[in-house]
Amino acid sequence: MIVLFTDFGLEGPYTGQVKAVLHREAPGVPVIDLFSDAPAGRPKPSAYLLAAYAEWFPPGTVVLAVIDPGVGSARAPLVVEAEGRWYVGPDNGLFELVTRRAARPQSWEISSFPVALSASFHGRDLFAPVAGRLARGELPSGPPRTAESGRRADWPDDLAEIVYIDRYGNAMTGVRADCLPSEARIGVPGRELERARTFSDVPVGEAFWYANSNGLVEIAVNRGHAANALGLAIGDAVAVLG
Amino acid sequence: MIVLFTDFGLEGPYTGQVKAVLHREAPGVPVIDLFSDAPAGRPKPSAYLLAAYAEWFPPGTVVLAVIDPGVGSARAPLVVEAEGRWYVGPDNGLFELVTRRAARPQSWEISSFPVALSASFHGRDLFAPVAGRLARGELPSGPPRTAESGRRADWPDDLAEIVYIDRYGNAMTGVRADCLPSEARIGVPGRELERARTFSDVPVGEAFWYANSNGLVEIAVNRGHAANALGLAIGDAVAVLG
Amino acid sequence: MIVLFTDFGLEGPYTGQVKAVLHREAPGVPVIDLFSDAPAGRPKPSAYLLAAYAEWFPPGTVVLAVIDPGVGSARAPLVVEAEGRWYVGPDNGLFELVTRRAARPQSWEISSFPVALSASFHGRDLFAPVAGRLARGELPSGPPRTAESGRRADWPDDLAEIVYIDRYGNAMTGVRADCLPSEARIGVPGRELERARTFSDVPVGEAFWYANSNGLVEIAVNRGHAANALGLAIGDAVAVLG
């Protein structure tokens, strides 16, 4: 299975062209849109989101992950293997957390470039062909990554910031819930939120936090739009209290 | 074929994870996104929309329908068979109209729960595996539904309200057009709309109603945005006149 | 491969129903969403966008293209063959550029109509079945197009207007970049933009133009939203300054 994690959106031409390449390179392999609205052009929050969601998929999954504000610049293209999953994308920090949380991660630079390589769409021209070949069973052919340009040792293990806001207005953080005591509170500007099990456990209109279905601390309002109600945006800091 | 009817959206993680489960449980079965923007958290308008659109699909289709504001609460999970189509989702009224309009509907409670059941994402953890098993030919294994908690005998046969607004601004109602005389007018605040066959039969900018391609009374403006022009939102009442 | 080029969006019911028909008519043929947000109801900018993006796909591809503000009126339904690709859709100018740029284009009127033809959704009821049959290898069965109603001889070879704005705010024009000298500038209200190779070649926040990954002149801002920054909308004229 190939899983897409991008900021490309689905309605414009980008995801469709990537899928056309994947169908050509790996016919019959299912392609799943995991996120096509990951934080646009922001590898740091995306890295925490990716790490939380990729681990739900079985070993052998190929994750094509492209949040690539530096496309066409010197950042290296990369293949990472972590916990049996393959990741393909730019070496800009996006794979920092999946790498750091893995027992024996491996990574390779992509050193073979297609003849027809656009300056602005490496997702289609460079990364998708590599993902397709991995999905049909080929092993990475590039040299092991030596330059550590894409590692971000200064990034924390969990990111106490909003990393994603879903269509209901729920605001995910980059903090894993099982790293917190159950009585922890989450501070947002002017408010401290208690933990609940899920939406229907609190009154309509009440804000709370809970462990979402992929293990992240998520801020929500029962039948409300938490991000609007609490004024939250991607990149905003939250406080972990107690 | 498996058909998805949800309020999950496509760009975030929800629909993709559901599809990953369906691919695992029913490999090779096509999965169609019918609505991923059904009325968010509102089973009542969704029930009329679902009934109108599901009947376009052939018998044997499995419809995974999740509009589930009470996820994690006591509402039962359900399988319904109606006119040869299978429906899987929460017993919160969403299947009232497909049930009521069927000759010999059957329903079963889902009584077997997965070990890994999140509190907030039953679409992925509970309903999708059941839909996948139905799609590969298994029969429902739960007890027949006895509790009638999900039936809504007080809901009308047709709902004279806006149930959906499409991307062009056309406003669908929950009223079946073939239940109306051809000269019927539809009243919205401050206006009475005449029937037309289709857009190009009225002048540019003119509001009208017509029988849409799935049989619902739909309010439209030729080359305009009816919902904005007439101030219509989901849940707004309309009047059926004569 | 079947490629969809429409203004239907993905989240509502239109694209899903089209795909259900394609799966029925051409089981196993991959269906790619190229654009589902092409300029709504505007065949002219859509025609330039289609011509630029369709040529990226290999010969044999079937393109189902539906931008059809006149659905239900007298405009003819059409099949076009151009450079080995098949196009199916309304004869309203949408295929003017793919036809004009092809060496030996052929076109046929669709003369066989389904019994169940809605007045408003020919994409599903008329065009999708034809596209499916082409994709499984059938040849067009209608008479050669004789009426030239859909040709637009007065449209220019390249359209110096904005034809699409993507989710990042980049504004594509209908001008092919390889038709311009490399030192050309593009004029927008109050500004003249220089050419760059790609985003990372200009300072953050700077506006420029470049040849996008499908060959169109595109106006962009490095890490910014060009359409908002420069006040650009679909249909706005730009100046090509030699």
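Think of it as A, B and C in the order they're written, each chain with its own count starting at 1.
Throughout what follows, a contact is a pair of C-beta atoms (placed from the backbone, for glycine too) under 8 Å apart; a residue touches a chain by one contact, two chains touch by 3 or more.
All values reported here derive from a predicted model rather than from experimental measurement.
Participant: Same or different: do the copies chain A and chain C touch each other through matching residue numbers, with over half of them shared?
Facilitator: different
Participant: For chain B superposed on chain C via Cα atoms, how large is the rotation, as a multiple of 5°?
Facilitator: 120
Participant: Taking each chain's centre as its mean C-alpha position, how far apart are chain A and chain C in Å?
Facilitator: Taking the mean C-alpha position of each chain, the two centres sit 31 Å apart.
Participant: Indicate the residues of chain C shared as contacts by at least two other chains.
Facilitator: Within chain C, the residues that touch at least two other chains are 9-10.
Participant: Can you list the chain C residues touching chain A in their complex?
Facilitator: The touching residues are 1, 3, 9-10, 30, 32-37, 53, 56-57, 164, 166-168, 197-201, 210, 212-214, 223.
Participant: Please give the residue numbers of chain B that touch chain A in the complex, ascending.
Facilitator: On the chain B side, the touching residues are 8-17, 19-20, 23, 40-41, 69-73, 118-121, 124-125.
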